[in-house]
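Presented sequentially are two complexes of chain A, the first with chain B as partner and the second with chain C.
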Partner chain A sequence: MEGREFTVVGKKLPRIDALAKVTGEGRFISDIQLPGMLYGKVLRSPLAHAKILDLDISNAEKLPGVKAVVTAKDSPRKTFCIYPNLANNLILQDTKVRYVGDQVAAVAAIDENIAEEALDLIKVEYQELPAVFDPEEAIKSSAPRIHEEENNVAAYIKRQFGNIEDGFARSDVIVEGRFKSPSVAHCCMEPRGCVASFDLSGKLTIWSTTQTPHSLRQELAEVLDIPINRVRVMSAYVGGAFGSRMFMDPIDAIASLLSRKSGKPVRIVNTREEEFISSRTRYPMIIELKTGAKKNGKCVVRQAKVITDNGAYNNLGSSVTGNACSKLCQLYSVPNIKFDGFVVYTNNVYGGACRGYGNPQITFAMETQMDEIAVKLGMDPAEIRLINANRPNTITVSGCEITSCGLTECIEETIDRSGWKMKKSKKRKNCGIGMAVVMHGGSGGKFYWGDNCHISSAIVKMNNDGTVDVLTGSKEIGQGSDTVLAQIAAEELGVLLEDINILSGDTDATPPCGGAWGSRQTFTAGIAVKSAAADVRRQLLSIATDMLEARIDDLEAKNGMISIKDYPEKAVPISTVASVSYTHLGTPIIGKSINNDPWSSTPDPVTGFGNVSSAYSFGVQVAEVEVDTDTGIVRPVKITCAYDLGRAINPLLAKGQVVGGTLSMGLGYALTENLVRKKGKVQNISFLDYKILTALDICDIECVFVETNDGRGPFGAKGIGEPAMIPTAAAISNAIYDAIGVRVKELPITPERILKALKEKS
Partner chain B sequence: MNQFKGKAKILAGGTDLLVQMKRGKIAPEYLINIKNISDLDRIEYDVNRGLTIGSLALIADLQESYTIRDRFPILHGALSQLGTQQVRNIATIGGNLCNASPAAETAPALIALGASAKIVGHGGEKVVKLEDFFVEPGKTVLKIGQILIEIQIPNVSPDCKGIYLKHALRRKLETAIVGVAVSLSTDFEYGPVKEANIVLGAAAPIPKRALKAEQLAKGKKIDQHLLNEIASVASEESSPITDVRATAEYRREMVKVLVKRAFTELIKI
Partner chain C sequence: MKHQIRLNVNGAYYDLLVDPRKTLLEVIRNDIGLIGTKMGCNCGECGACTVIMDGRAVNACLILAVQANDKKILTIEGLASGGKLDPLQEAFIDYGALQCGYCTPGMIMSAKALLYKKSSPDRGEIQESIAGNLCRCTGYISVIEAIEAVIKAEKRP
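And then the complex of A and B:
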């Protein structure tokens, strides 16, 4: 593959859905109008913890225009969670509510106003119970129990590699600290929503803002107690997901129940307020971290105690905490590790996947401490990272096989491009520069729940005019996966990009795929599409051998032609070969591929040892900030990044990931974003007070890609989606230290925290 | 309005009212739309009487007025920092004042300019100083049956300069954590302060003049030491709350910072 010239891959091509998006032709959930469609609304608990004593829906049912009211009684009352053994959530609660926003009943009516009015007519008698919101309180034996369990610890994850006593004994420098990270919202441009429609045969068709259509199909079949082939999840355009739509939301199932009961299609779309109150959040963590290093800067031991606020129900709390541990072991390949992770129930909304999956939380702690160690040793923070950087073809103490790795090159690129050395030596008052590194799975991984969510498959069909249909189970959610997968198919087949018709997300038409999570679609779905396309290409070339009187190995497909290598004039159009195959030989060409990611394995459940991902992506961000020491306001000035993403299939889209991840999610996580709750009730339920940064607040960004050409990835590619946001908070925090000499170890780094730290320093 | 006896609300731009209704914070039975009353959106300048603004004048139109930009820069500054362009396009100055948010952008600037409010309706017509217009958050002196129809701003003497500073996390699209309007008149650049108006926004239940701080400044040549004192006194005069945007302690600190910055912008210290 090295040295091969590409025609479609590696090109800065506009996304294939650009026109549909800019003209408004693309249909999102709120654009879907079906004949007779009803509007659903969900009655949510106003209390954080209460028994449901009585629920009376009779008045709501009588309201003219109301077509169905559902409660837990209308559902099979099956608990759900992607880990079946941890399932303790219901789509509609029947005996207890456990957070403000928990769903109790729902209404479908002929318009939204009537549906809202009907909600007011539902009478719920609650008996309020003592509630607990702070995970450090909830973990105590005296805390109110949220579930019928011995205590509020939903999971305990213990990992030990090497020998930490020995590690600390051999350390010349030891730093310790306590780091806190907030609950933040994904802030997708499009709120979560769905349109569910049962037909008379009992088959459900649902359009959903899901990022994992095939998983949603299984989950809905499970909670509705119907066979999987009675559920069809349909693709719609999705305005962002970032992990929040990784799995079923109760509204997907509630809309389905309402449709079944009313006999009509039902649409439920969250209000922005509901997005803030009842959608998944990033898991907040309290991390106590202790790191030891040798005099030469080499990091030799890490010990972490993590308390994760699981919220009211199990979802991905233990998996996200496990991934934080995974990164603790992987970054810089530290040989001695101890990890104790407590995943604790509280009466807050339950969390979910959120771009980075535990890694932004632990990276903030790890990369702050790397800076602290550098300061203690009198070393350049960039130098200490070069010393510790992961290397290609190494195995971590936890069993991760790092194959391609361009971390050293990334660090060097950012040092050069940011003017690091000059800026470190010539300091301007209240201005600072800081660096942070990220290592993340670049291919999804198997640390989650077993292998079946991690497969990808594809079918590629060649039509008799040489055009191509690509069927993939993956999901376009705005990240550009349809474009990237079409580029991969076009490159592999030797056809033009416009000859590709790609269908993703329709579970009746596409083969199984885990979907969009874990920065995995370019890698895993890409491999599946590439292999299926290669299957088609082989069939085409085989037919062309007779037409060109050549051996198959001597043929190549490029730019819509099959030709003899080195004799481009001896060629036949792919369309002719396709037509011959389809029409004359009666053998339409179809290729298929299933990629079950054979290089990765689920870690040992007891020890945690295993190679969780097939590929690892790396990156570096250098942040420059200016701090107003009177007001505590931090202004980002510039961010310089370098990322090892194996190969940029589409540099335009890859850069889009980095820009969005860094300047929006990364800076917001670092500086402003925080769901503020009072007794479990979210106080900032609009964008006026939930502060995502605007175009006026962000800064310049420079981004360069280090292409290490991964041996396993399609055309050498690895994932970039999550790594884009992970190191920003740490880089900003380190830059603040460089500017004003204080470290704020709680995110977001608000002006008040800056002033407090300055006061403590003086 | 009399007919509906408190069950009605007046609708002007609707950028505050409709949001509050949507959130379920208020549920008026009637809305009285005054958008179509002609002539209430005028912006008039007279060399003798000063500036007269109809209460339905749009924030965006006021922001674009050259008269305001050139002769009342303190007001121009406040208008430019109000909400977003989309909000400014439909919000009215009367609405911004009658909504009586402690954080309303235009109030501190107008009070610093010595503006008055003309009220008509039940009980005839009267003019009140804008600093006496606000009663508590969400409440003004307007009684049922009265509306604000005009804001009157006296001419600014040539030796007077003013500025409105807003502190918030984001550069735009924000509610003020604290807003401070200061206007000062001096004979010459280094001369003593003849008149000082210091008005605090989002730092008390209503937009509030820091009268003691003003007194401290009056007649004095301001140096760094005195400015620190003025700022501290202004901060003591504030009575902010803790909410989702900031703590009271931080707000008090920001009053200090903004008062100092405003003075430093306006005169040589």
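And then the complex of A and C:
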């Protein structure tokens, strides 16, 4: 495989959905319009913590144009969470609300204005309860209880590897610090939404902005108490997800209830305000980190106490904290580790997956401290990273098997390309340069839960004219997975990209797949698609043996032809072989494959030991900044990135992931983004007040790939989506220190925080 | 009371009876059925609904349909002609200037309005022209490069 010339893989090919998207033809969820469709609106709690004493919907039901009003009474009242043992949320609340935005009732009407009006007619009598918003307050025994549990600790994750006492005793330098990261909104340009339609037979068809269609199908079947085959999650374009649309949102189930009750299709699309108030957020963490290193720069011990604001209900807080722990154990392969992670309920909106999944939080802390150690030892921050860099074919103390690893090469690339050495030696006033690295799963990861989320499967059908249908349960959410998976199929089959028709995400037509999260689709779904295509190729070659009078091992499929190796003139078109098989032999060619990600395992529940991912991706970012010490404004000048993604199946799309991840989510996380809450109510509920970066706020960027050709990945590829944004905040923070000699350990690094740090320094 | 209006959208005339509260965005999407124009915030902050009205880029969610009476509107669907894509559309495809694609129609319309105004804008002017079009996927660089390529009449990256 290594020496092979590729014809489709590795090429900068345009996205296969590009035409639909530049012409406005592409159908997104909010474009789905069905005959007789009603518009749903959700009544949300104005209070952060309250008992529901009475709920009266009678006036709303009487309003002309209203077709259904639902409360918890209309649902089976089943709690939900992707981890059933942690489930404590309901799609509609009836005893208590636990955050501002919690859903208590919903209306479907013939238009949005009537639905809105009907919400005002629903009377809810609340008895306000004391609330708690700061996780460090919520963890205290005196704090108000949010659930009927002993305390507000939703989960405690404890991990210990090696011996930290010994590690610190042997350290020549020790640094300690407290790092805080904010609650951040995903800000998908398409608001979350769905169209749900129950038919008379009781079958639900739903279009949803989900990134996990097969999981959503199971979750809806569960909360609606119907069999799985009575739910069909349809395929449509999704206007961004970034983790926020991983698993079910209450509105998916609420629209379904409204449809069942009204007998009509029902659409619910969040307003932008609802997106900010009630959509998932990145979990905020308070991280107390202590790191010890030897005089030669080798990092020997790390100890972290993490408090994660879980918000009001369980979702992915435990898993995200588990991944933060996992990365603490993995990056630089430190031999002595202690981790205490407290996942704490508060009366804030509950969090969810967000590009990086706990890793941006812990990387900000780890990589800031790496710089502090370099300063204490008088070492170059790049040099200390080279000394500690993970190496290929090594096992971390926590059991992670690192196979391919190009971290050292990535560091060297960024040193060269950024002019690191020159810029470190010739300093300009208030200008600085900083580095941070990332290690992340390049194949998804098993941090906490059971196994059904981790599989991917594919069916590949060859039509009798040589064109191909690829059916996959994966989900295109803008990252380009449809294009990448089609390229993988085309390469494996020896056909052109335009010969591939791909259908992804429709749960009635595609085989199960965990979906789009954890930078897993290129690797995990890619392996499934490649194996299914290989199955088809074998069948084709087998039929061609008679036609070409050759042994199967002597045949190859390439550019639409099957030929004898080294004798390209002895060839037959794939379309002819397909036609013979389909028409004459009566055996249409169908291939299938299931990839259950056999190389990784969920960590041992007691020891935490385990290889959580089948492959690991690596990257480095070098940021250059200018700081105005009068105003505190940080101006990013340039970011130089190098990433080990195994192999870029499509370099155009891979670069798009890195550039977009860095400049939009990475820089925003570093400098501007923060959901500000007052008594649990989000104050910045619009793009005017919640600042994501515009075309005027970005900086130059250079991006290079280090291709390590992973032994397990499809054509050597590993995931790149999440690693793209993870190191940016730390790189910027380290550059700021280089520029003005202060460290801000709370994100985002706002002008106010810079000025405060400068004042404290002087 | 409903109002009678006449819109010229992509060269075709529409005579409509509209509620005075309705925005141009709602009319384009729901009454005329051109769903390429997207709604991202409904308050003029994200630019997903950008269309060109009498030669200028506007947020269709901030214009009441009645204000657009007798105006000439161009939406993303009106850009390609005779089965041929607009050079901006081609460049967006070639430069990978889109991912989820939700902001793309608005982004292209803002760029188009810029090119109506100026034949060879510099990078700063390009950035300025799309500063009101938020994108969470691309980091804008590929978008800027695609627009520059059209200006330089380059074809491929």
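Quick note on the criterion: the second predicted complex is superposed on the first by the 761 of 762 C-alpha atoms of A that agree within 3 Å, B and C clash if a C-alpha of one lies under 4 Å from a C-alpha of the other, contacts with A are read in each partner's own complex, and residues count from 1 in each chain.
Rule of thumb we're sticking to: contacts are C-beta pairs under 8 Å (C-beta built on N, C-alpha and C of every residue); 3 or more make two chains touch, one makes a residue touch a chain.
Owing to the predicted nature of the structure, the values given are computational and were not obtained by experimental measurement.
Asker: Regarding the shared-chain residue A:643, is it in contact with chain B (first), chain C (second), both, or neither?
Answerer: Neither partner.
Asker: With both structures superposed, pick whichever of chain B and chain C touches the larger number of chain A residues.
Answerer: Looking at chain B versus chain C, the one contacting more residues of chain A is C.
Asker: I'd like to know which partner A:688 touches here: chain B for first, chain C for second, both or neither.
Answerer: Both chain B and chain C are touched by A:688.
Asker: Considering only the touch criterion stated at the top, classify A:479 as touching first (chain B), second (chain C), both, or neither.
Answerer: Second partner only.
Asker: I'd like to know which partner A:696 touches here: chain B for first, chain C for second, both or neither.
Answerer: Once the two structures are laid over each other on A, A:696 reaches both partners.
Asker: Give one of first, second, both or neither to describe whether A:672 is in contact with chain B, with chain C, with both, or with none.
Answerer: Only chain B; A:672 stays clear of chain C.
Asker: Using the touch definition from the top, say if A:631 reaches chain B (first), chain C (second), both or neither.
Answerer: A:631 contacts chain B only, not chain C.
Asker: Based on the superposed arrangement, let me know which partner A:618 touches: chain B (first), chain C (second), both, or neither?
Answerer: A:618: touches no partner chain.
Asker: Which parts of chain A are in contact with chain B and also with chain C?
Answerer: 687-688, 694, 696
Asker: If we count contacts the way the header does, which residues on chain B are in touch with chain A in the complex?
Answerer: Spelled out, the residues of chain B in touch with chain A are 167, 169-175, 244-247, 250, 253-254, 257, 261.
Asker: Inside the complex, what are the residues of chain A that reach chain B?
Answerer: 630-631, 633, 671-672, 676, 683-684, 687-689, 691, 693-694, 696-697, 750-752, 755
Asker: Quick check on the complex: what are the chain A residues that touch chain C?
Answerer: Interface residues on chain A, with respect to chain C: 12, 14-15, 17-28, 30-31, 33, 186-191, 237-242, 271-272, 477-480, 652-653, 655-656, 659-665, 686-688, 692, 694-696, 698, 701.
Asker: For chain C, which residues count as touching chain A in their complex?
Answerer: 34-43, 45-46, 48, 75-77, 79-80, 85, 89, 92-94, 96, 98-105, 108, 126-128, 130-144, 157
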